[in-house]
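Next come two complexes built around subunit A: one with subunit B, the other with subunit C.
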Partner chain A sequence: MRLSRSKREGLTDLWLAGPATLALLAFIFIPVAIVAVLSFTNYQFGALTFDWTGFDNYIALFSSSVGRRAVTNTLIYVAIVIPFSVGFGLLVAVGLYQMTQWAPRWSNVFKTIYFLPVAATLVAMSVAWQMVLHPSLGIVNQALFSAGLPTPSWLSDRSLVLYTLAMIGVWQSIGYNMVLFLAGLAAIPAELYDAAEVDGAGGSWSRFWTVTWPMLGPTTLFVMVVTATNAFRVFETVATMTKGGPAFASDTLVYALYREGFVYFKAGYASAITMVFFAFLLVLAVIQFRVVARRVHYR
Partner chain B sequence: MKKLLMASTLAVTFGSGVQAQETEIRVHYAIPTIWADTQQLLADAFMEQNPDIQITLDGAAEGYEDGVQRLLRESISGTGPDVAYVGLNLWRVLEDRGLAQPLDGYLGDDPLSQGYTPALLSLGQFEDTQYALATSASTLVMYVNPVLVEQAGGSMEDFPDTFDGVIELAAKIDAIDAATDGVWIAPHDWRFQSLLGSYGGRPMNEDESDITFDSPEGIAAAGLYQRFAEEGGMKSYSENDARQTFPAGTLGIMFESSSLQARFAEGAGDKFDLTVKPLPVAAEDDSQVYFPTGGSAIVMLTDDEAKQQAAWDYMAFVTGPEGQKIIVENTGYAPANALVIEDESYLGNFYADNPNARVAHTQVANYAGPWYAFPGPDGVAATDLIAAALVEVTEGADTEATIEDLADTLRGILGMQ
Partner chain C sequence: MKQSLRSRILPLILLILGAAFILLPFVWMLSLSLKPQDEIFTTTISLLPSAIEWSNYTFALTETDIPLFLWNGLVMVTGILFFQILFAVPCAYALAQRRFAGRDVLFGLVVAALLVPFHVTAIPIFLGFAQIGILNTMWALILPFIQTAFGIFLFRQFFAQLPTDLFDAARGDGLSETAIVWRIAFPLALPASTAFAIFSVTAHWNDLFWPLIATTDPSLATPPRGILYFRDQESGDNVGPLMAAAVIVTAPLVVAFLLAQRKFIQGLAAGGLKG
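Moving on to the complex of A and B:
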């Protein structure tokens, strides 16, 4: 039997896109749907029965002080990490890019150093940070102490711990952002700089504002989305260094999710946290693509 | 005892007239850093005596929480092990899901003669049914750095046995210099329950229908955290920080689990001669005092009757004197069988070499009591709320108000109102 051309093309499309679609359904959409269903139950891990509880889990998350703190802590963390890690990433990338012209070897050495935190396992790095920031034996406080400065408890002071974790988050992601920005910088055609110079933009600042920064628009958008999703997912540092403590001061959404689901065995409630987490990421992605994409007009 | 056991095994084997069939028993355990070698030794020793039973160790879970989670997962898929070692405060989760099998039928009428004292059995009982047997025990003790005590003008021979005395000494140690700390205790449910027990208080009433730590005893116990901070100069260390500080020799007194003794002794090395002191007893009526016991328990999970007998033989071995001797000598935990302590032939030499272990183990023998697990799905969450309240008390919040608030919150989430 001969099939018409359009039918044959349709079959080819199905053959090409079908397996991936099936995998996407089986491994992403169906699990997410199950989690969404579970979030309306009081299902406990390993239990044989469960009850439908409507929006109780969501109400509990936003009305209990522990739940609210996890949400606000996550937002504060993200609000610190995005600007600092994108800003410093750009700064380092521009610096090292310029450096390639007069000291390429050193530039490469620095690139490697900045990239090390990305390549290293964050859990292992957390252990190192814990030692560095130890309140009395750590090198940071030893230095502060001998300089006669106050020695804060970086990871066990409730008012400080979240900022310490955010700082480590920034430290960890600068290298990654730097690499992305370097790729963006390399893609800017040199003629644009020549043209800018002809038009009178000769200084480094005006070159940056008129050529580099606008041309990095798409890269910046991408870097911000990646940084934001990673920041929202903060888990390893919290789990290894503070366990959300002291007194929930560094509890974040994903850590709360882990704690509720895998320590307290409350699968239903943990599913509700997961859905809220998804919602945050979705909103974030939509905002960034809408707002920032409008300014990246010349693509 | 051993001969009797072997004789009965032989009798069963020959009596049935069948070739000994090998029964495989799968064993789950957690915390390989403490248990991996010990589990292998236990399995080997048991199999030597019971050639017809094959012990297979599952890959260890990282911690007790992970372990219970894995057991629950495996129970859903029907691939669970036959027996499991779980945290003494976590076996109730398995009982709650109907996974732990009752053991009363196997224990016989006179468990005391096998070394299972009522106190030890109480660690694995719920509603008059025995679901778990303790396999290793630890209680809260004081780890002391004698070098700092001497520097502060204190005396190890005349070491204080009251909390007032300890706080006074801690203040002196703290005053030595800015880099030296007096005392530290973790803001944590188990530590709090220990202090509470020292004052003779209880976290819950008998039938677990109400919180009772908002009593004068509970407020005094929580108040110790504030006094440690204000009078003894306790810093807001995290648990990991403190566990590094003490072996480094800059912390005078640390309240910690007796199971950490080997690790601390190793960390202290030649810097100081690590000394273990029993927890002060604050109540006037000694009979009310108990110290909640941490450690592990073993539960039977298989519901296959043929396997249950073999599983029980293994459980009886590891909780019996021979198994307990292996556990004590290799982990630093206190034994959970009275025979092994009473009969010098088992651990006499070990205690002669480890006076610190004797202090800790005597405290377990005298004051062992249940580590209360709060009932219901929010039981574990309750312990985190307790820890958070203790942080607030430590940082200067009004003790009475905080503890009363906490008790009310727990009544709410545990459904006790």
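Moving on to the complex of A and C:
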């Protein structure tokens, strides 16, 4: 009787948790193992056999100029997006937080506007950005032209395209960081501001440096890591606007893995790109855990 | 916190400038979608159309496959959300309210799975789907996402806060565990479900990566994929309808966001942190 009961309980657990566990294994853990193995082969999609090639794919990635390009472009992109997106996100959050004191409705309107790109379909917005930045019909170059300024080819100039994409990346993520900072600001106890005022730090500038900034330090670290994690995955804007071009000037890791794997069907090489991408994200995840741990420590 | 008028003006101006930058592509997209053809192909600046021209929208909705793309997107996000809830909720309940061998291991797997971005698993899933011959089907778009470590995690945290007595009482009333999951735990988790649904629908409606890989058949294109088909066919001379299509594709989520801002911000903020 007891045994059959525990068996029944076991079957219930299996029935409840089994399908999800199987799905996790089938669509996450087994694929991760396969992609790791494939990265040491020369497998081509559709081929019947493959050879073990050791670290050849990784060597090819880091020794070919195209492969190195994808890595450095991604790092440059992330290095631009982090400071601008986090910096502007913080400024907007602080501005809106003070604005809630005297115009809560307007503060909310601004918050909605800044968050809009996070909810909007990035591919459609990329098509829109393409028209905004169109060499002759775009509003940016029309304005520059009528002001007598040079009109750059934002998306087809090799030396400019990566910065244009990074600017759009910043545009897309400011609102997200703003929300994280607003949460951080709301958690600062009001007494700290009163204390600062008593101590003579009454102006908004000195209030920011004596109270807000030190209290937001841990949040800022956290926001930086989250921004980096999302920036590393840049794909939609690249695929829509530049396809990694011109001449690989805007090639990034995820776009390279898409092109090598699913356009040229070089599964082995694309798996190596995938593993490098994954390694970057795992490093960030470790940093994130440490930051979160420290954040708990502070409180 | 008292503030002088002067200390309000500078931040306000900066906020307005920033908001103008954020709104620029939205305004330009709307403006072009409402402009007649000859007004688009002019080099003089006019932010707004001289007269509102709906024909671009008529064109996008009747002469192109945009309605089909919207339908595909709807079927895909509904299918994904349905299976995600179906798989994640019972598992989360078991993790939170039941004891069984391997529970901690399973929870460890869920947390580990949170660290794996979808891009990493794309090649093997593509190979597997090619092997069983389901590429270029709606199933190819839905199946990879039926697992959701994030969903399991979110629901588990929610269920763990519910009192155990509640479930013991339900068991005392003779309810089966399956009935407890769907008739008691799941309805109580409505806030978690809302946040999760918003995150899931937004992420998959907007995704381009997997639809680009798993389907080559235009009749299966989701909205982002479809917009690129449309743009590439028209080779750049049908800007008005293209912008109208972009507006139509973006509108459902943006309207939903405007109607339920707080829920959206909660859902997307939680989802974006999953690493």
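Keep in mind that, in the parts below, the second predicted complex is superposed on the first by the 256 of 299 C-alpha atoms of A that agree within 3 Å, B and C clash if a C-alpha of one lies under 4 Å from a C-alpha of the other, contacts with A are read in each partner's own complex, and residues count from 1 in each chain.
In this section, a contact is a pair of C-beta atoms (placed from the backbone, for glycine too) under 8 Å apart; a residue touches a chain by one contact, two chains touch by 3 or more.
A quick note: this is a predicted structure, and the numbers were derived from the prediction, not measured.
**Student:** Could you check whether subunit B and subunit C clash or fit when both are placed on subunit A?
**Tutor:** After superposition on subunit A, which the two structures share, subunit B runs into subunit C.
**Student:** Taking the superposition on A as described, I'd like to know which of subunit B and subunit C A:233 touches: first, second, both or neither.
**Tutor:** second
**Student:** A:15 contacts which: subunit B (first), subunit C (second), both, neither?
**Tutor:** second
**Student:** For A:187, is the partner it touches subunit B (first), subunit C (second), both, or none of the two (neither)?
**Tutor:** Touch partners of A:187: none, neither subunit B nor subunit C.
**Student:** Would you check which partner chain A:136 touches, where first means subunit B only, second means subunit C only, and both and neither mean what they say?
**Tutor:** Once the two structures are laid over each other on A, A:136 reaches both partners.
**Student:** Tell me which partner A:145 touches in the superposition: subunit B (first), subunit C (second), both or neither.
**Tutor:** Both partners.
**Student:** Regarding the shared-chain residue A:47, is it in contact with subunit B (first), subunit C (second), both, or neither?
**Tutor:** first
**Student:** Should A:246 be classified as contacting the first partner (subunit B), the second (subunit C), both, or neither?
**Tutor:** A:246 contacts subunit B only, not subunit C.
**Student:** Contacts for A:264 in the overlay, against subunit B (first) and subunit C (second): which applies, first, second, both or neither?
**Tutor:** In the superposition, A:264 touches subunit B alone.
**Student:** See if subunit A has more residues touched by subunit B or by subunit C, and give me that chain.
**Tutor:** C
**Student:** Once the two complexes are overlaid on A, one stretch of subunit C runs into subunit B. Is it 91-99, 127-135, 181-189 or 253-261?
**Tutor:** That would be 127-135, the one stretch with clashes.
**Student:** On subunit A, which stretch or stretches are contacted by subunit B in one complex as well as by subunit C in the other?
**Tutor:** Dual-contact residues (subunit A): 45, 131, 136-137, 145, 262.
**Student:** Looking at the complex, which residues from subunit C come into contact with subunit A?
**Tutor:** Spelled out, the residues of subunit C in touch with subunit A are 1, 3, 7-8, 11-12, 14-15, 18-19, 21-26, 28-29, 32, 40-45, 47, 86-88, 90-91, 93-95, 98, 100, 106, 109-110, 113, 115-117, 119-128, 130, 143-147, 149, 152, 177-178, 181, 202, 205-206, 208-209, 212-213, 223-224, 227-228, 231, 239, 242-243, 245-247, 249-250, 253-254, 256-258, 261, 264-265, 268-269, 272-273, 275.
**Student:** Under the stated contact criterion, what part of subunit A meets subunit B in this complex?
**Tutor:** 42, 44-48, 66, 130-131, 134-137, 145, 153, 155-158, 241-242, 245-248, 259-260, 262-266
**Student:** Under the touch definition given earlier, write down the residues of subunit A that touch subunit C in their complex.
**Tutor:** Contacts found on subunit A: 9-10, 12-13, 15-17, 19-21, 23-24, 26-32, 34-35, 38, 45, 88, 91-92, 95-96, 98-99, 101-102, 110-125, 127-129, 131-132, 136-139, 142-143, 145-146, 171, 174-176, 179-180, 183, 193, 203-204, 207, 226, 229-230, 233, 235-236, 239-240, 254, 257-258, 261-262, 267, 270-271, 274, 277-278, 281-282, 284-285, 288.
**Student:** Going by the contact rule at the top, pick out the subunit B residues touching subunit A in the complex.
**Tutor:** Within the complex, subunit B contacts subunit A at residues 65-66, 68-69, 71-73, 75-76, 93, 97-99, 178-179, 181, 187, 235-238, 240-241, 244-245, 248, 250, 377-378, 380-381, 384-385, 387-389, 391-392, 395.
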